[in-house]
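Two complexes follow with subunit A in common, the first pairing it with subunit B and the second with subunit C.
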Partner chain A sequence: MVLGGLYALFAVGLTLIFGVLDVINVAHGEFFAVGGYLVFAALVLLHLPPAAGVAVAGLGAFLLGLAVYPLLIGPLKRRLGRRPAGSLYLVLTLGLSTFLQSSLLAVAGGEYVRVPPLVSGILEIGSTGVSHQRLLVVTVAALLLAGLFAFLRWHREGLAVRAVAQNPEAAQAMGISLTRIFVLTLGLGAGLAGVGGALMAPLFNVYPAVGFPLTIKAFAITILGGMGNLVGALLASLIIGVAESLVVMAIPSQWQNGVAFVVMIIVLLLRPQGLLGRATSR
Partner chain B sequence: MLEVAGLRSGYGRLEILRGASLRLPAGSIVGLIGPNGAGKSTLLKTIFGYLRPFAGAITLEGRSLVGLRPDQIMQLGVGFVAQAGGLFADMTVHENLLVGGYSLGSRGELRAALEDVYARFPLFRERRQQPAASLSGGEQRALALARALVIRPRVLLLDEPSAALAPRFIEEVYETIRALNRSGIALLIVEQNVEMILSVAHRVFVLDLGRNAFDGTPAELRGSDRIRRLYLGEGSRAGIPA
Partner chain C sequence: MSGARFRSLRRLVLCAGGVVVALLPALAPHPFVLSLATQAVIWALLASSWDLLSGYTGQISFGHAGFFALGAYTAAGMAKHLGLSPWLGLLLGTGGAALVGVGVGFPALRLRGHYLALVTLALAELIRLSAQNWLSVTGGPFGMYDFGTFPGLPAGAVARAQATYLLVVAVVAGAVAVMLYVCRRTRAGQAFRAIREDEVLAESLGINTTVYKLLAFALSSGFAGLAGGLYAFYIQLVSPTVASAATTSLVIGMAVFGGLGTIWGPALGALLLFAVNEALRFVGVVYNLVAVGLTIMVFVIFLPRGLAGLALRRQRLTVRRDALRAEEDAEPGQPEQVTGATPSAEDPRSTA
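== the complex of A and B ==
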């Protein structure tokens, strides 16, 4: 469930960005890494309390995400006009990914960074125990995702995000600024990844490329859930998280990272649109 | 109220409109007709800011609309209903109307505007939690109209409101159009169904190959043998009543 919660925070943000902007954000993992480094800076260097550290990480990644559209995607979109982008956004965000990794390397160095647990203690359940840190990951992920879904369901700007995802031209006709929604969506997606990075930092070592493997796995989760489908991404995250945890009980752990892709391939062969995707999309 | 003069526009380098002009006086219904590919929908999209004109002027009460985005033009009181309705299919009826009121300033204003719309379209109050995609074709077109009314527009641009509708739904949609006009809204309607548009329009423009081919009242159009023969004539696909 811990892995599922992490994947959900990460993949739902990635899926939201794809659904609204039609952009596969290869740099998504770097927001996760930024979150990890920010929580390290907040806790270890500035001695802030853990909750403030997580908030700093989420806010920092959110602000960084806000800058991506006006600085990168927007200018390219304007230059392209009505011409199809093809794989240009993929290349653009790959460039951003490399730039952010290099920046983290330059600022923080290539050494692994260890972040102390945000909470200590173990919850005993029968003969086994679960660390409070892992429970915190699951709880915060669940709360944040519930908040995101509530925002999209009931808030004025959340409805606008959904409207743009479904029909950008019609959304404009309702007075919605596409630029505003694109900026907000990238900020939200990045913020979720940043919080994910902050929560997982005590469980993993933090290094500049820590988020990249997660990005690749999140692509598999996004495809598995159905491209652009948030509920599908959530469901797929939980399936992959639980499958990865269970499979290491039966086979060597080296196979763990391949589980997501094996499940993705099987589902794609049986149901090419993914679990909750539609047969055709815009 | 709304004036278009010498408009040249199109897609990329492809010029569709080659100097089209029209006038939509306050409180009137103007019909825009012509053969397929004449540039009717391109004209509406250019007025509403989806396309940037190559040349020409578009003004609303003297203010230029050229260079404004659709969301900015909408905030000036211009509504647009796309040919297929442009509903948010995965949202409920109520959510579609809420998005229609996105630009309204306060919750109170939005609530009052939604009440007005529900009063005008009681069916949607009953079906407010129903997904928009589950409505019939005619109901979807009516919902698209209702959604455009939430902001209480002064001008409505309608792109083929009767397209792909069964005859009884076309009557309903046009009854709504008449009612909207009686409430003071000016409507510019692109339409293939010539008979219907001539029954409601105060003035008609015929476009051909991106240029004005006729400008007059429905009665004048009916009296013009040349226009009827060339663009709408008897025996042709448009078939207007003489």
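== the complex of A and C ==
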């Protein structure tokens, strides 16, 4: 469930970006790593309280995400005009991923960074104990996701985001600034990943490449849930999270990370539109 | 007329480059230089093989590190566990990678763009996981070593480095030549381009897209495997990190740098980017990947045709200048414009 919550924070952001911009953000995991490092900087170096640390991480990743559209995707889009982009965006964000990852390496060094738990203590449920940290991850993830869905459902800007995802031209005709929505969406997605990184930092260790395997896993989740489908992504996150936890009983744990990839390949072969996706002609 | 002149100029430059590459062991007979050069040439093959599938045929692969690793592990494993000759190992590595490439290509026929990229990425991750966890065969995280090298090399350090370099250059040049031949001179090359531009249209014109896509997969992954085999026998160590996404990222960076869809562009890009990378090592090891990331981003946004694109652009520019001159000739009295063979690439009139 903890993994599921984390994946949900992560994959929903990725799905949101894909749904709105039609761009697969290969650099998504790097925002997770940035969040981890920011929470480390806030807690260990600046001695801020944990809540402030998480906020700093989320905000930092959000701001970084805001910069992605004006600096990278926007210029490419302008240059391409109406020509098909093909996989240029994929290659572009792959470049961003390499750049951020190695910049983190240059700034923070390659060593594993330990972050103290945000909250301590263990909750006893029957014979098993669950650390408060894990409960916190699930709770915050659930709250944030609920907030995101509420934002998209009721808030003016959120409605605009959904409108752009459905039909950019029509949305533009209604007076919605596409650029504004694109910038906002990337910021939101990155912010969610950053909070995820901050929350998980005490459980994982933080290192520059920490996010990349997550990105790949989030692709699998996105595909399982149906590309661009937020509810599907949420459901698929929980499924993969639980499946990974259960599968450890059957196979050695070092193969655990393979589960998502195998699921992804099978889904692509059997039901490419994903669990909740509509059949589209791609 | 100017086009022909340009082409002969390009041929001249290519020939000069080829002579330098071939004579490098004599020009700089130092094991360190030769070692770097050998690695650069291996990367050139890998970048070209990626370009054949992704740049030329438009089937984007994010898993070339996987094919590379597969070739490397197969070649090294055959030599280590079965005691086969490295030559046979190279062949088997190539064949094995090509087979897996077709195996991936087959289901991936239904997928395009994003999906294909993601599947190949997942495949490379699976290969990396297998390499890391299949201890008895791959040696796990520490990798595989102690499997011999090319037989029949001279004993001295310098002579050995020279011979290895020439060997690798010969193999890579042959492989790149095969790819160029297939793409430029055969029907397959036309089919590849047609698939890249518009798959549905290509199919409606009677091109068997299934066969040609599989062919592209086989060629591309096979040559990636060959590069892997060369790498294994040259570096003498194969570890799971070669299958990591960073390798793919580097290869794509090289291809984008050199120019997508030209085969020779990525090879050139690989040589140059590798040189830049190694030079940056003196500044600090971590900065070379920062540079790769920056290169990818800058080139994708501003120069998607890479260095090769600069050449093409220049060609177009000369053509346009010819047209301009023709117009001027129509109006007598105008002084003839100087058309240097190397107009600035940053000429504001050149359009992307």
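In the analysis below, the second predicted complex is superposed on the first by the 280 of 282 C-alpha atoms of A that agree within 3 Å, B and C clash if a C-alpha of one lies under 4 Å from a C-alpha of the other, contacts with A are read in each partner's own complex, and residues count from 1 in each chain.
Heads up, the rule we're going with is that a contact is a pair of C-beta atoms (placed from the backbone, for glycine too) under 8 Å apart; a residue touches a chain by one contact, two chains touch by 3 or more.
None of these values were measured; they are calculated from a predicted model.
In the superposition on chain A, contact is made by A:V91 with subunit C only, not with subunit B.
Once the two structures are superposed, subunit B and subunit C can be ranked by residues of subunit A touched, with C on top. Look at A:R156: by the touch rule set out above, it reaches subunit B but stays clear of subunit C. Once chain A of one complex is fitted onto chain A of the other, the partner contacts of A:L105 are limited to subunit C, with no touch recorded for subunit B. In the superposition on chain A, A:G258 contacts subunit C only, with no contact to subunit B. Once the two complexes are laid over each other on the shared chain, residue contacts for A:V140 go to neither subunit B nor subunit C.
The intersection of subunit A residues touching subunit B with those touching subunit C, taken from the two complexes, is empty. Remark: subunit C residues 54, 58, 60, 62, 107, 110-115, 117-119, 121-123, 125-126, 129, 132-133, 245-246, 249, 252-253, 256, 284, 286-290, 292-297, 300-302, 304, 352 touch subunit A in the complex.
Of all residues in subunit A, those touching subunit C in their complex are 24, 72, 75-76, 79, 86-88, 90-92, 94-103, 105-106, 110, 209, 212-213, 216, 219-220, 223, 227, 252, 254-255, 257-258, 261-262, 264-265, 268-269, 272, 282.
Those residues of subunit B that touch subunit A in the complex are listed here as 11-12, 48, 50, 69-71, 74-75, 79-82, 86-91, 95, 98-100, 102-103, 147-148, 151. If you check the complex, the residues on subunit A that touch subunit B are 81-83, 156, 159-160, 162-163, 166-167, 169-178.
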